[in-house]
Every structure is written in structure tokens, then in C-alpha cells.
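Consider the two complexes below, in which chain A is the common component and chain B and chain C are the respective partners.
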Partner chain A sequence: MTAIENNIDSLPAPPLDGSAIPIAVSTEEYVDRYRKFYDQWGELLQTNLDRLDRGSYHLGWMDKEGSNWGTQVKPSSRGLTYSDMNRSKAYGTIPEKTEFRNFAPRGSVRDRYADQLPTIEEYDVVEKMHVWADNLETLYEEAKVRQWNSTTDIPWTELEPVSEDLEMAACQLSTFLTEVEFVAGDFPARWIYRIAPDYFEAKNFLVTQMMDEARHMEVFRKRALAGGGALLHPSPAFEWALKAILESPTHTQGTFLLNVLGEGLVLTIFRAGEFLSKTHVDKEIFRLCMQDEARHVSYGTLELKSFLDAAPNQEAALADMHAFADIGEQVILTAITDPYVLEPLAVLMGDGIDDIDDGMEGVSFLWATIVEEYLQRCDRAGFDRREKCTIPAEFPWAV
Partner chain B sequence: MARGPGHFYIDATCIGCGACEHACPGKVDAIYKVDGDFLGRFAITLDDCIDCNLCIPTCPVACIHDARKEGIVEGSGGYTQIKELQAWAAKQS
Partner chain C sequence: MGGVMTDEIVAFPSIEWFELLAQRMAEQRDHFVSLGSCDCTAQVTIWDGPGGDEWRCQVVFEEFGVESVRLVSEEDEEAADFILETDRETWQEMVDSIVEGEGRPGLLHTLNRLTMPGTPIRCWSHDPLGRDAFFRFNQTIQHFINNSATFTTEWSEG
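So, the complex of A and B:
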């Protein structure tokens, strides 16, 4: 037994009292797992130690064979963007399917190490069509440029008092939007880790989406409290829709349900923000959130297009997406027919609880806009839902 | 520096995602966010546009057009349907 193996054997026993950080495997399982991998990483360790012991240099990292040495990427006047980087074939060739399920950067000298590199089993989204969108790089740049801060960019001190019914409606809407923003951040979180690093542009964009959603969750939580109101009632109907989004079986399907249908709906509400807002502070919140939301909808639309364009069996892919959309639209319909969502919108549109009937008329215009915009986005993605859509085109409200 | 006039324009159905602005080559920089537009839409400065066509494929709602091919397109469907809501709201106030 080598000194190294002795050291491994003398590692302290893992705590079994439940005090360890609760991760997917226990410390005991983790240690066992890495003992089993010892044949692979232990050999590397022993080789390295032997080399150091001999006082010998390796200098293999200076071997340019197989590298893209000499490819100089040139910044545009905006700076050095991923689009600039990806103009070179060496770095901008995005594989349709990747074999690399590890951290070796795309474009590096990695082929020769393929047998030695570990495999990250959780990197199981290995096809471009499941994550890519042709506007991904540009949206990422846009996202970085237009970050804002809900702490300082909203003029909170200028929030004017409104009547209690209007404040309650604003608070209920903020509560609902806080719920929505949670899932809009958690859904990409569920997938970023699974996307193979060769598609790092998608991972990076999804990180900006998570940051956007964190900021939206923050700003609506703050809005609910800033006027002296409160966070009001969660919407059970909407939460079923959010659960359906989070548990979508594929990234493309979940992105369709979240970014195209769900966030598309929220984008339309934000676009109507100038009629829903009773103060200029609320208007500013909707305006800033809307700009972020537009990027997410944009990504979702072209990601769906990318998937449908590249699917090897397009007929089967379309049939599968339609089956998914059939149920997806129904859970979203469950959500948007909920009084905890519709009624505050109507009170804000009508300018008070006494004029809620007028407000419902305004909501009917909003509804028609939501459905038509959704269908138009589907059209753009090459996913014709016009004959199949299960959400009524007109607001189902008995006047 | 004036380079145009170009022939590309963005119709009213823009959703304000900004993909076009970043697709526009840095030295051209012909696309800008319309100041004060609540809907956050973008527009093209024709004098700066070089008709390179890089912005069109990135638009998720197909709201950028080449006037030489399509003439002037007003935009239609859901993205402009909000005009009905705007008209309704204007009557209320």
C-alpha cells in the first residue's frame, strides 16, 4: 500500500449524525465513490508526485499541437463580445452534439485528454437543439448592459399613497408576480447544471435570466410593502401552473411553457403597465421589468424554433410539442382565470373596486392581446397553434 | 459619420428585447432604444444603417423589415393588438 493510499485510508470518518450539509449523496457515499475512482485520479496524483520528487518538468502545456494558437479574436467597438469571438471557426463552431461532459473549454486542446477527463453524469443535455437560439449571444450582451438595481433605480421615496382598494390590488398583483418570478428563476437553475459546457453561451444567458428574475422577485416584494400594504394571497391555481413549468420533462418544453407562454403572458401584462400603474413609481417598475422580460420571451421563441428546425424527425417533434402544449395551455388557463390574478388587474384597470366591471372590460382587451401575442410567437417559432390552442381567444366573461 | 440612408426599419410590433441592437455592428451602431417609449421599443437611424442584414435573423417577432423588398409594413396581430387596450384606456381617462 502506497503512502497516498495510507493517507486516503486515514481520512476521518464522515459524520453520521445528520449534521453534514444535506446534498444528493451522504459524505460516506461521497468518500466511497472517490475511493472507487482512485484508479483514475490516484494514478495522476502519483505521476505528479513522482515528477516533483525527481525535480523534473513536464511542459506538456506548451505543446501547441491541436490548439488554435495564433487565432486572434478582434473586438468590435462595443468591446469583445461572444459574437466577435465566435466569428472564428476555431472557437465559434458549436457542435450539434457534444461528447464532452466535463469542464474542458470548447476550443482548447482537449481531444488528447478525452480518456483521462472525468465524466459529469449530470451533464446530460448534450444536443445544441435543446438549448440554442440564434439570438443567444446578442441577448446575453443586452442582458449585461441593461442590468438595474431595484434598491436604487426605483424612486421608492416618491411612491404616492392611493386608495386602499387600489393599494390592495397593487399588493395582490405584486404577490402574484413574486410567485411567478420565483419559478422563472428556479426553472433555469434546474437546467443550467445539466447543460454540457460546450453550450456555455446558453448557460451564461440563463444565468442572466436568473439574475433578472431575482431582481423582479425582489422589486415586487418591495412594492408590496413600500406603500404600507402587505404581501397578500398566494394563488393556488397559478401555483399549479408554476409546478407544471418547473417539472417540464425537457429544457425545450419547459422553456416553451415558461418563456413563451408564461413570461409572454407576464410581458403582455407589463406592456399594459402604463394602464395598471397608479403611480409613476409603479410605471417605472413595470417598464424596467418589461425590458428584462422581453429578452426571456425572445430567447424562448427562438429556442423553440431552433429545436423544431433541427429535430431529426420533425413530425414526431411537432406532435410531441403539441401534446405538451395541450396540457401546458390548460394549466396556464387555470392560472389566468383565477380571481386572485384577474380581479386585482380589473380593479387597477377600472381605477377602483366600484368600477371593477369597467376594469373587466379592460381585462378582456388584455386577454385577447395575451392570446394573440402567444399565437404570434408560436408562428414565429414554426409551431402553429392557431387551430389547436385550448385557451379561448376571447375573454370568457359573461357581460 | 453619415453612411446611409439604409432601408431597414423596425415596425411597431417590437417587443424591446434588444437582440437587434447588439447584432448591429459596433462601428455602425445604427439601432437605438427609443427614449421615453413605455413599450421599450427600438428604432434604426437610417443615416447610419448600412443594410448589412445582421439584425433581421435575431428578431424573435420578425418586426425588422427591408423596405426595398416589403415596402412599409405596419405590423399586425397580437403585438399591435395592445392598441385596442390603449384606445379603451384613453376613453376611460
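So, the complex of A and C:
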């Protein structure tokens, strides 16, 4: 036996912990679990210790057998992108289903280690159709180079509220958008760690979406305060929609509800926000957010298409998606009929509370745009909701 | 934006007008790099172009610049990600506003403001993903047009 001890048995037991801190598992359970796995990792440890003790080298990592050594990966004019890398069969073959629920990189010499590699139980999204979109690589590159900074890219010093009612409307809209941006970041967060690393392009893109949403949350929180106003009222109706998005049964369903319907709607609100802006500060905020949001919507559209194209039982997949969309549209309807969202938009549209009636006509136009663009994106994904859509095509406002 | 007024005079609508904006984009590469790459084909359609006919050109944006500006016909429309169509007067009003703001349009004359209600500029596409490209690259396209403040536009009669 070596001087370096393989000494798991001599480790002290963890103290019992009765506190209420958020935990994934108790320390006791964790320690117990890793003791149970000891047969597997303890054997590797022992082999390594013995080798070190003998003073011998392994050099197995220099064995090129089964590797893609020598595969030419050439940068394009804009540098070395994933699209450039994936042009080679060796690195660009995306498995329809992966057996690798661990961290071994796609394209590495990993087959021979399959029995020794651990399984990450949480990596349970193991099929391409649930995460892939044909524009993923493009959108990932675009997201990286089109980042902006809400601290320095917005001309904050130019912000001068026009009147109290318009500023209140801007603050209420900002409060609502701050709420929305939380879920748009948390939904991908809920799935990223479940996606098997073979689909790293999807994981990476979703990380950019999270960064975008963090920035949106940040910029709308700042906007609410920067004009001397305040964060105003959260919207219980909208929060039910956010909850429904967050708790979607599958990644594709949630991506449909968040990216296609929800963010399609938010994209229109951003466009309207730019249209309605009374200051260059607001123009800049909405225009920059609009760009990010359109990436998320584009991903959602082709992710839904990827799922519907590849589903083994297309009829069942469509029926399931329609059943999900029936309820999903209703919770989104609950959200977009909410006065805490519609009325500030109408005040901005009408140029003040006195002309809120005129503003509602503008909201009516927005409504029709949101529904029509949603249906067009569904069509593009091969998901025909035209006869089934449960959101009225016209704004249900009695005048 | 760092564009300074020059003594160049270019007619609108013309290929030369958009090529001059492309040249400005190349001159301000650092600024456009800071906005991020832009890859899309934008078509501009002017209903009352020279001779009173519809005038169409496509500006092909690639990475941080313009790859080409080309005169096209109706049959080429599907090559465009999105189409911005309107009359000359709307362009004149927009450019006047940009010139007055020294490279920044007034609140009522940004591209998004003018296209959002579908009038006075209609932004449309054969493919919703193509129309989304107009939103994805909006800041770059706005700054591209903002360089119209760096020269004099001659508004020829139709």
C-alpha cells in the first residue's frame, strides 16, 4: 500500500443537519450515495494510486485509435464558428438520440470508456428533436456578438419624464416586463442542466438567452426607477401565465409557449414600446431588447418544427401539442387581458390618460398583430393553429 | 456615430445612394463591429421610383458590412429576408429627420416607428423568420440609414 491512502472508510461522518437551508439532497444522503458508488470510482482511485506508487506512466491518452485526429477544421472569414466545426462529419454529426449521459465531449475517444463513465441521472433530455433548431448555430454566434450593456449603452442622462401619467404608464410597463423577464431566464435554466451535453449547441444558445433575459430584467428595473418614478404593480393574471410556462411538461412545449407565443407577444410589445417612446432613452431600450427577443422567437419557431418533423408518431405528437396549446393559449389570454398590461399601453398609445379610449384602438391593432404573427410562426413550424386558436383574432373590447 | 457631413450629393432612390451608405459602414467598421454582425438581405421598394415605376434594390448585409447592393425585379423578391416598401416622400421625411438630428432620427422617424403600424412603411416577408431578421438586426440597419446625414440627398422627381 502506498503512502497516499485510499481512505474513504476513515472519513468522519457528516454532522446531522436539521436546518432549513435549500438543499438538493442532505449531506448525509450525498455522502451515503458516494459511498455506494465507491465500487466504481474507488477502483479508479486505487488503480491510479498504485500506478503512482510504482512510478509508472499510463500514456493511454496518447492513443489516437478511435479519435478524429487530423480532421481539418477551418475557420471562415468571421473566425472559427460552430458551423465551421460542424462541417466535418467527425464533429458535426448530431445524434438523433444519445447514450452519453455524462460529460465526455461529442467527437472525443469516449466509446471505450462507456462502462466506466458515470451516468448523470438529471441528463434526461437525450433526443435531438427536443432541443434542436436548424438556426441554433447561427443564432448562438449572433447572440455572442450582439450583446449590449444596460449600464453604458442607454443614454440614461437624457431621460426626462414628459408627464406623470405617461411616466406611470412607462413604470407600470417596466414593472410588468421585469416580471416577465424573470421567467424567460428561469425557463431555460430549468432545462439546460437536463439536456445531455451532446447537444451542447442548444445548451450554449440557451445560456445566451438567459444572459439576454438577465439584461432585460436589469434594464426594465433601471427604467422604472431612472425617471424618478417607481416599480409599480405586479400582475397576478400574468404571473399565472408565467407559472404555466415555467412548469411546461416538456422542453419543446415550454419553448413553444415561451419563445413562440410568449416572446412573440413580448416582441410585439417591445416594437410597440419603441413606437410609443416619448424619449430617446426608451427608444434605445426597446430597440435593443427587440433584437434579442427576435432571436429567442426564431429559435422557438424552428425548435417546434424540429420536434414536429422528427417525432416518431407525428399524429400523436401533434395531438399532444394541440392539447397543450389549447390550455397554453388560455393562460396567455388571461395574461394579455390584464388591465395592468393593457391600460399602460393604452395610456402610452393615447398620449395620456385623457385619451385612453383612443389608445385602446392602438391596443386593438397590437392584439391583432400578436395573434396573426403567432399563427404565422406556428404555420412556419408546421403547427396549424388557425382553426384551433383559442385567443380571439380581434381585441375583445366593447366600444 | 462618427459620420461627418461631406459635400457629396447623391440622388434617391439609386444604387449609388445605398452604396454610399455601404461605404460609410466600411469606414465606421469599429462602430458596426460594436453593434455585432448583421447577416440578412434587406429589400427596399419605392412605389414611385424614377419614371414613376416601382424601384427595388436589395442590400446584402454580411457580418459587419455590405456585401452587395443590387437592383432587382419583382421576381427576385424571395431572395430578400424582408422588404421595406413605401413611397419617396416617406423616405424624404425620414432622411430629413435624420439630417436634422445630425445622424439620429426624431422620435417619430425611426425605422421601427415607421413600420410598426404597417404604414407609412410596410415591412413584410414571404417567411416570418425573414421578417424577424428585421427585428434581430434593427439597430444595425437603423445606424446604416442614419449615415444618410453624412451627405446631401437629391430628391429627384418621379
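One rule holds in what follows: the second predicted complex is superposed on the first by the 385 of 399 C-alpha atoms of A that agree within 3 Å, B and C clash if a C-alpha of one lies under 4 Å from a C-alpha of the other, contacts with A are read in each partner's own complex, and residues count from 1 in each chain.
The criterion applied here is as follows: contacts are C-beta pairs under 8 Å (C-beta built on N, C-alpha and C of every residue); 3 or more make two chains touch, one makes a residue touch a chain.
What you see is a predicted model; the values in this text were computed from it and never measured.
Label the relationship between chain B and chain C on chain A in the superposed model as either fit or clash.
clash
Return first, second, both or neither, reflecting whether A:Glu361 touches chain B, chain C, both chains, or no partner chain.
Touch status of A:Glu361: first partner only.
After the superposition on A, what does A:Gln147 contact: first (chain B), second (chain C), both or neither?
So A:Gln147 only meets chain C here.
With the two complexes superposed on chain A, say which partner A:Ser83 touches: chain B (first), chain C (second), both, or neither.
In the superposition, A:Ser83 touches chain B alone.
If you stack the two complexes on chain A, which partner ends up touching A:Asp50: first (chain B), second (chain C), both, or neither?
neither
Quick one: is A:Gln291 in contact with chain B, with chain C, with both, or with neither? Answer first, second, both or neither.
After superposition on chain A, A:Gln291 lies in contact with both partners, chain B and chain C.
Figure out whether A:Gln376 sits in contact with chain B (first) or chain C (second), or with both, or with neither.
It touches chain B and chain C both.
Taking the superposition on A as described, I'd like to know which of chain B and chain C A:Glu247 touches: first, second, both or neither.
neither
If you count the residues of chain A that each partner touches, which comes out higher, chain B or chain C?
Of chain B and chain C, the partner in contact with more residues of chain A is B.
With the two complexes superposed on chain A, say which partner A:Asp124 touches: chain B (first), chain C (second), both, or neither.
Neither: A:Asp124 stays clear of chain B and chain C.
So in the superposed three-chain picture, is A:Arg271 touching just chain B, just chain C, both, or none of them (first/second/both/neither)?
both
Which parts of chain A are in contact with chain B and also with chain C?
77-78, 135, 138, 141-142, 145-146, 267, 271-272, 274-275, 283, 287, 290-291, 294-295, 297-298, 301-302, 365, 373, 376-377, 380
Under the stated contact criterion, what part of chain A meets chain C in this complex?
My answer: residues 77-78, 135, 138, 141-142, 145-147, 267, 271-272, 274-275, 277-280, 283, 286-288, 290-291, 293-295, 297-298, 301-302, 365, 373, 376-377, 379-380.
Going by the contact rule at the top, pick out the chain A residues touching chain B in the complex.
By the definition above, chain A touches chain B via 76-79, 81, 83, 134-135, 137-139, 141-142, 145-146, 267-268, 271-275, 283, 287, 290-291, 294-295, 297-299, 301-302, 349, 351, 358, 361-362, 365-366, 368-377, 380.
So in the complex, which bits of chain C are touching chain A?
Chain C residues touching chain A: 35-37, 39, 63, 104, 107, 110, 112-113, 116-117, 127-129, 132-133, 135-139, 142.
Once bound in the complex, which stretches of chain B touch chain A?
Touch residues, chain B against chain A: 15-23, 25-27, 29, 38-40, 57-62, 77-79, 81-82, 84-86, 88-89, 92.
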